[in-house]
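First chain A sits with chain B, and in the next complex the same chain sits with chain C.
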Partner chain A sequence: MTPALAVQDLAIEFQSRRGQVRAIDGATLSAVPGEVLGIVGESGSGKSTLGMAIGRLLASGAHHVYGDIRIDGRSIFALDEAGLRALRADELGYVFQDPIGTLDPTRRIGLQIKAALGGMATRAGIASVLKDVGLADADRVARSYPHELSGGMAQRVCIGMAVARRPKVVIADEPTAALDASIKNQILDLLVTRCHAAGAVLILLSHDLHAIRKYSDRVAVMYAGRLVETGRTEAVFARPAHPYTVMLLRSAIGRAPLGGRVEPIRGAPPVLTKRCQACAFAPRCGWSEQACTSVRPEVRCVADRDVICHRAESVIAGGATP
Partner chain B sequence: MTVPAVINLDKVTKRYVGGPPWRRRAVMAVDAIDLSIGECETLALVGESGSGKTTIGRLCLGLLQPTAGRVLLEGRPFSAWRGQLRGRLAAVLQHPLWSLNPRLRIGTSVAEPLVVDGSHPRSEVSRKVTQMLDAVGLPAGIERRYPHELSGGQRQRVAIARALITAPRLIVFDEAVSALDVSVQAQVLNLIKDLQRQVGFSAIFITHDLAAARYVASTFAVLRGGVVVESGPAHRLYAASSHPYTRGLQEASGLIDPPIVRV
Partner chain C sequence: MSAGIRVPFHGEVLAQAAIMALAVLLALSVLGLTTGFFGSPTALGGPALSAPAHSYPLGTDQLGRSLLPRILAGIRVTILLSSFAVMTAAMIGSLLGMLAAYLGGIVDEIVARMADLMFSFPAILLAVLISAILKPGTPSAISAIIIVTLPVMIRIVRAATLTVAEQDFVIQAQIAGARLGRILTLHLLPNVAGAIVVQAAYSISFGMIIESGISFLGLGVQPPGASLGSLLHDGRLYLSVAPWLVFAPGFVLAITILSVNLVGDGLRRTIDPMLE
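Right, the complex of A and B next:
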């Protein structure tokens, strides 16, 4: 099957007054239709930059250094203005963290859905978008302004708009971070079912390990602008092959037994200014050896997953634990 | 008589009244709640938005007056403390940028509560600031920097240093780790636990995250619509609760599925 989304060795840099920052440093990723791919990582790991880059939505200070992003086999960097508009309208859907901030505060929900559907929208079409996301009182919601909805309802509207044109790829960037814990699961359930119904790939960007584990088929762990480990969710959570994954899972406080203590990862993620010539995690890693600080690791296949680590075999074997 | 609890809420009710004068609407934010926190204890207040967590925090800090009932700090109502409250209470908020002035250097911000206090000579203030910043695990020289130059975790450490510098009896942590990454969250929670053991303060830990609550607290209270639906020692949160509402929250945060990982 052709991947619906393929990211190949992508590098993105930002120019700022304080100098250059490399946010994505050779990210490689692909996803087939109907799949839920979770991307986890700390703040500053490049998750959101990657999500925005897929729609070429990055600010003007961003610079595409090398690499490619293909949606359904077509490179997004080869598109002209019209092609890009068509791509964003027909093949991509975005769901962001703050639903009320995402919607236009000056227009009624019905009109915004109509715009999302394109020219052919009818009243019944708008109502069916709302019914599909579990908003039974469709007429009232369509007449409302965003500030008249609760956060959960607004996020349902956003999901409806994102999948309305049956896109190929839906990118959800922390879709539940702003919502109450009790409706988190409802919203994620809805997001996953609607993406399945539309046949879309769902890229779920989050640092909520529990949500990622529950909802994604595959998980990719992001660190310093690279996807350091990508594999089946169950396999990665049960036996991680990258030291960063191991330490990230260990630092989840929900995991501590009664009276136990979790071990946070020491230090902070680096801010890269150029292509990293070694393993970016080496300074914080308990497994690191000489090669880790001098040779840039490339993607390898270890135990059924793609991993960027010189020592993946010993990490997965659980030997030489730091 | 036994030693009075550090803070004691006795049938405390708080009603907010809003709306235009001809159509008043009252919201019962906190409804006849009894709570007490002893020496060096941490009480976790868990609940969704609108459950009354933050209102209770503000009542305990004396920032709000209860509509009915009494709030006692070390056995005395706030009105009896008059000017002596300074330095006895502190708060750490969700976004450290809310509690740090962006135009003041870190050292100045941390020293501020002591300077306002007026009880310490200048030389001792700067010594205490250095000592406090070291105690929360920040590198030397950070007192010369500004809040925007620090990471989220570092800023939260600064906020904790600022809260602790007057050696308060009670600290209210209002969603203090919610905005932080998994690993940084663990760093800050470990710091709170260690400092509590070393310095000795009582704490109210307001959160919607049961995992954080049971990790850091000694007792807990689950709130819903201004009422305590379940309370007890925090170790009870390590097993599935018998109360359906608490169990729902446990499920939502993934605590009573199989354990998250084996490593």
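Right, the complex of A and C next:
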């Protein structure tokens, strides 16, 4: 099957006043239609940058160094202005963290859904988008302004807008981080269901390991702009092959016994200014050896997953744990 | 946000009073123009430099023209001229400010430096310069007000757009495939309209000061036309013998500018309470 989304050795840099920062440093990833791909990683690992890069939505200071992103086989970097608009409108959907901020405060919900549908929607079409995301009182919601909705309702509207035109890829960047804990699962359930119904890939960017474990078919772990481990969710959570995954899972809230302490990952993630010539995780890694600080690890297939680590075999075998 | 009729400027007593004052001044002015009830602003023939009396409520000038209809005509000219100029400046300034903030990069550099350049000249001096280059008259007064109020408008709109443009709904519009024009008019403009309206109110009062200033210097509205500034210009020679020729238009000018400023304050507090 052609992957709906394929990211190949992508590198993105930002030009800031304090110099150059490399946010994505050779990320490789692919996803087939209908699957849910979770991407986890700490803040600053490049999750959001990757998500925005897929729609070429990065700020003007960002610059594409090398690599490619293909949606349904077509490179997004080859598109002209009109092609890019068509791609965004027809094949991409985004769900952001803050649903109220994703809706224009000066426009009624109905009009915004109409724009998401392509401007030629009927009343019935708008109502059906709202009904599909569980907003039964569609007429009233369509007449409302964003500030008149609760966060959960607004996120339902955003999900409806994201999948309205049956996109190939939906990118959800922390879709529940701003919502009340009690409705997180409802929103994620809805998001996954709607993406399945639309036949779209769902890229779920999140810090929330429980949610990723529950909802994603495959999981990709991001560190310092690279996807260090990608595989079936159960396999990765059961037997991680990258030291960062191991430590990330150890640091998850809820793993430690009641009253116990969670184990943090010591140190801070690096800020890269250019292509990293070694393993970016080596300074924080208990498994690191000579090669880790001198040779850039490439993607290898170990135990049915893609991993970027010189010592993946020992890590997965559970040997030589720090 | 309850529906139903709301009193404009709820709780803003000063702004409400200022609106009333402006409405009364404008109503009298329009009434004077249409009915001629207060006499003609240009008819000669009265006694020259007559003190306020029953037939000439505010006295007459050196040519025997009644001052009251001249002031009423002057109010109209001063307010309309300034409003027209500021509306033009607001349209140009909004477009440039939004483009600069939204597109960033080289467009932003050019627009921001252009505004800085215009801003670096003292306003009155610039206005005098423009009036001197162009022929003295109404068009040069209008261009002076536009050029003086434009850089502030650009800056305000640019700053407001910068905070709006980074919000997710603008990205959402891009994802829906919106073109630049659509994003500008449907998403950015409505969200910065409050800032534009407030700034426009302040600009109108500033424009009236500029207009009066250059008309007072004889570079703005030319005789036989009258603006509040040109009335001051005409009356200044007779200050010792006919002080009403300066005091009456001066008082009306002060009231008008104060009222417009108070309306601006009210607008600001009503539209953007976070600024306080």
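The rule is short, and it goes like this: the second predicted complex is superposed on the first by the 319 of 322 C-alpha atoms of A that agree within 3 Å, B and C clash if a C-alpha of one lies under 4 Å from a C-alpha of the other, contacts with A are read in each partner's own complex, and residues count from 1 in each chain.
To be clear about the criterion, contacts are C-beta pairs under 8 Å (C-beta built on N, C-alpha and C of every residue); 3 or more make two chains touch, one makes a residue touch a chain.
A quick note: this is a predicted structure, and the numbers were derived from the prediction, not measured.
*Asks:* Which holds for A:Thr193: it touches chain B only (first), chain C only (second), both, or neither?
*Replies:* The answer is neither, since A:Thr193 touches no partner chain.
*Asks:* May I ask you to decide whether A:Gly55 touches chain B, chain C, both, or neither, giving the answer as first, second, both or neither?
*Replies:* After superposing on A, A:Gly55 lies in contact with chain C but is clear of chain B.
*Asks:* Scan A:Asp104 for contacts with chain B and chain C and give back first, second, both or neither.
*Replies:* Second partner only, chain C.
*Asks:* In the overlay, answer first, second, both or neither for which of chain B and chain C A:Ser43 touches.
*Replies:* In the superposition, A:Ser43 contacts chain B only.
*Asks:* Let me test your reading of the model: by the given contact rule, A:Arg88 touches which partner, first (chain B), second (chain C), both or neither?
*Replies:* second
*Asks:* Just which bits of chain A does chain B share with chain C as contact spots?
*Replies:* none
*Asks:* Please output the residues of chain A touching chain C within their complex, sorted ascending.
*Replies:* Residues of chain A touching chain C: 52, 55, 57, 60, 85-86, 88-90, 92-94, 96, 98, 101-107, 112, 115-116, 118, 145, 147-148, 158, 161.
*Asks:* How about chain B: which of its residues touch chain A in the complex?
*Replies:* Against chain A, the touching part of chain B is residues 48-49, 151-153, 181-187, 189-190, 208-209, 211-212, 215, 235, 238, 248-249, 251-255, 257, 259-263.
*Asks:* Name, in rising order, each residue of chain A that touches chain B in their complex.
*Replies:* 42-43, 180-182, 184-185, 207, 209-210, 213-214, 237-238, 240, 246-258, 261-265, 268
*Asks:* Tell me, which parts of chain C touch chain A in their complex?
*Replies:* Result: residues 1, 104-105, 167-169, 171-179, 186-187, 190-191 of chain C touch chain A.
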